[in-house]
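Shared between the two complexes below is chain A, which pairs with chain B and chain C, respectively.
Take a look at the complex of A and B:
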């Protein structure tokens, strides 16, 4: 079945929210939304699930903590024990500051890398924005036109009703 | 002029800006050639940096004997500068992380440049331990790596090693947090630019397209990083304070040091942010973004933290008296009334007394007066570290070894150079990157026309 992507650019994020709400009510599939800043209240309309990022942070932080304690213990009590001022080799309270810092370091870096990996952000990416002003003041709603009962005119009136300032469409590459 | 923050009515961003105007205001200056003022400032900063480079080169080639240290005072200017710069580096992450968690929206105008300031200050701070190693080419010895000397590992019980990890983590996380915040604005730069600039910013902006899926994840990531950075900020200066507090020296051996250092760091950092913001809003025409409301809020933080710093000074004195330890009492008597009592006077005058004037509304509304007070706080906080370090050392337990301390030109040149490095980096940042987080500012804009339209619709 052929599929076309219908793009509508808005000048106001609230117009886009109204349009997205109608899409959800009428069951019109939304591909994505592009905006210069996060639009609050949009995620449930697009059916976006909450990210698993906090879990990644927790696991990475715990790994950092365990690794730091183990390494400090291994180096100072096992691999080359050295008497420092008569203190015990396994000075766990003294190992705490470094263990804490490594918890934060691992957690923070993992959060950043997971964000980049899941969102396909990496240096030198050739991805182009859908509209040159989407990083300035335009809000773009992308719909998947698969339903044969909807005509081009239906979409035109939909965009018009919600005050889209610019519309265009293109043939969809995949058929999800 | 009315007090802005008390009313709570005035908008955060004045001038009724639209998102497009925000883009034009923030990114416009980057497209144009810099003003003569920028060139003048850059020339001054770069000259100071050269002074520093000459001093440090001479010191490394000759040895640490070029400093004014002696057998009694083994630690003075270098560590004072180190603690001073680490302290300055605390406001940025505090503004971006703690205020984000507390949902203080006024942070959006200043967080980008405050975070940049943090990174540059930590770079300055990190240079000092490197310089005072004397043999900086062996600097990798501070890291625990397998070696042929045993392997002899680092001493995990030493606060100086904790410093390596604390400062290293702080720098890394601050840089990551700052850069992630920068990505959407780098994408704006990419979409405005042509030719080579477009290629460079395209590379740096990671292919950012503003997708709702990315934004959703991005906001959670920022919150998580803020939640991690908040205890980090508290830990860093606590760890720095243990460089002193774990020693047995009267004047250093105090349990109040970690909170005392952290609050002092926030105090000095905010003063430095305010100093820079007062200049930046004027030079870059950001009066609509960094308004009297923002300045008022920062003044309040300075009065608040300055008062806690005063309390910490009083606590130290009380503890010295109440401890009944004659060595502790001597250390503080000597600190206040000894031959270096003048430095204690500068410290109290600049850190405790000067910021109290900010209680007055008239002072809070006068930009020149605020500017003077923030400069005084910067001076005072430098002297605080000098007082703690030098006055505790110069008269030790044996009167025969009592000495005094005078910095040499090398030490002063290095301090000047660190300011040069800081301002050079900051000016380059103002020139090539957006100083204000435009994407975040757009979320706190007011929409008077839209609100009026809504009201009409409800009425009809």
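Take a look at the complex of A and C:
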């Protein structure tokens, strides 16, 4: 089955939002959207599910918290007890700041690494932006043209109607 | 969508209940003056402090919205405006408080100051006249700014409207002035109950308490106004979500500041600083302090961690009510020990004035809300606020 990717670049995110809305209404498959910033209201139009990334943060943060308490207890009360200002070896209030910091460190780093790994961004991966200005002021909508009942002209009028400033297309690569 | 003015008529049964509860507080206070004035003044101080904090949260939130250029909350802006209009009543409560100084503060007794070198040293600042003058000055500043700020959203003059540079400057000035004046006020009202003790973070601690309690009240009022009609179709899930996030952040910040103060004093272990926690870390007070942390931080933290919870109005309102309870417990844990020593006593003399003051605050705020359109229809930021999305 033939498949082409149809690209449309917009100068205004509201135009892209209107175009995406029409795609949803008419059942035209959208492959992806590239935007310099998150566009409010786009997620439901693309049928995106909520990210499960917060669970990674929660689990990693809890791990950091537990690890910090255990390690401080082990060093200061078990392995090498030191008398600091006459306070008990196992001084919970003193462990708190380090535990707090380690919770944030574990949560933050794990979230960042997990996000990059999940999006295929790791050292050595080569990624070309879909459009040179997509990190600046262009919004790109990528459609999958599989439906034989839709012609090239249909897509051209679609882009024109929604005010796309640039359009191009290419043959579908392997499904990502 | 064209939005027109929406008026709000409070339910008579609500007004009656609030009025009766306020009267109850007043009667308990007056009766207490004759029967048990030592304890009723403690309760009165808590009630006055709670009331003032809620009223001040109004202009504080308003100024924050202007300073940050926020348009998301424009549809709800009448709520902090109405809260700020309770400030003159707080001034009246404050003037009455001056009569209770001898029952609350040891520095107000000349005989005590005479035999106490430290209090004698502090007496040029810490005396009855100074207390009264500072109280009046603070309220004058707060009422001035509160009036100016709430006039901004009603102004149709673009030079003084909500988005003008003049409004931005006024708000930024208020935020700075407020941080200093509220600290100074709390050094007088609460910290001087134990005049040998001091904490430089005390003002910030009170500010964190004010922000969390004020946010809780704003949430309760917003969801109530939606249920009653005027905000129906205007209050979005996104608004509830953001206010719940703010409540989460403020209560977390409050616990953070609590811990900062506690840990530094615990670590340094200097007698003049630890005196504050000496009573509080024993017996019923320690139980109260730990329960306060659980109620004002632990519960909201766990309850509002998830996204769906922050969008669930019933849950958010309940958490907000719990935060208000936690704020009252926090006040009791601060005011109680210097007055009662190691023995914690909780009864009608404490509950009456606090309940009365909070009810009186809600009564005034609800009345103020019914005076003008609940939706600021003329505000140019309203459309943005009504199409607000958050994720």
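In this text, the second predicted complex is superposed on the first by the 166 of 176 C-alpha atoms of A that agree within 3 Å, B and C clash if a C-alpha of one lies under 4 Å from a C-alpha of the other, contacts with A are read in each partner's own complex, and residues count from 1 in each chain.
The rule is short, and it goes like this: contacts are C-beta pairs under 8 Å (C-beta built on N, C-alpha and C of every residue); 3 or more make two chains touch, one makes a residue touch a chain.
Bear in mind that the values here come from a model prediction, so they are computed numbers and not experimental data.
For the composite obtained by overlaying on chain A, chain B and chain C cannot both be accommodated without a clash. Once chain A of one complex is fitted onto chain A of the other, the partner contacts of A:83 are absent, as it touches neither chain B nor chain C.
After overlaying the two complexes on the shared chain, residue contacts for A:41 are found with chain C alone; chain B is out of touch. After superposition on the shared chain, chain A has more residues touched by B, the comparison being chain B against chain C. When both complexes are overlaid on chain A, the residue A:119 reaches chain B alone and has no touch with chain C. Once the two complexes are overlaid on the shared chain, A:95 sits against chain B while remaining clear of chain C.
In the superposition on chain A, A:149 contacts neither chain B nor chain C.
In the superposition on the C-alpha atoms of chain A, the part of chain A touched by chain B in one complex and by chain C in the other spans residues 38, 43, 50, 85, 87, 94, 97.
Here chain B touches chain A in the complex through residues 18-20, 23, 144, 150-157, 159, 161-162, 165-166, 168-169, 172-173, 176-177, 180, 183-184, 187-188, 190-192, 202-204, 206-221, 224-225, 228-229, 231-232, 235, 239, 242, 439-440, 442-443, 447, 450, going by the rule given at the top. Residues of chain A that touch chain C in their complex: 38, 40-41, 43, 50, 85, 87, 93-94, 96-97. Residues 259, 262-263, 266-267, 269, 307, 389-391 of chain C are the ones touching chain A in the complex.
Note for the complex: chain A touches chain B at residues 12, 14, 32-39, 42-43, 46, 48, 50-51, 53-54, 57, 61, 71-72, 75-76, 79-80, 82, 84-85, 87, 91, 94-95, 97-98, 100-102, 104-105, 107-109, 111-112, 114-116, 118-130, 132-137.
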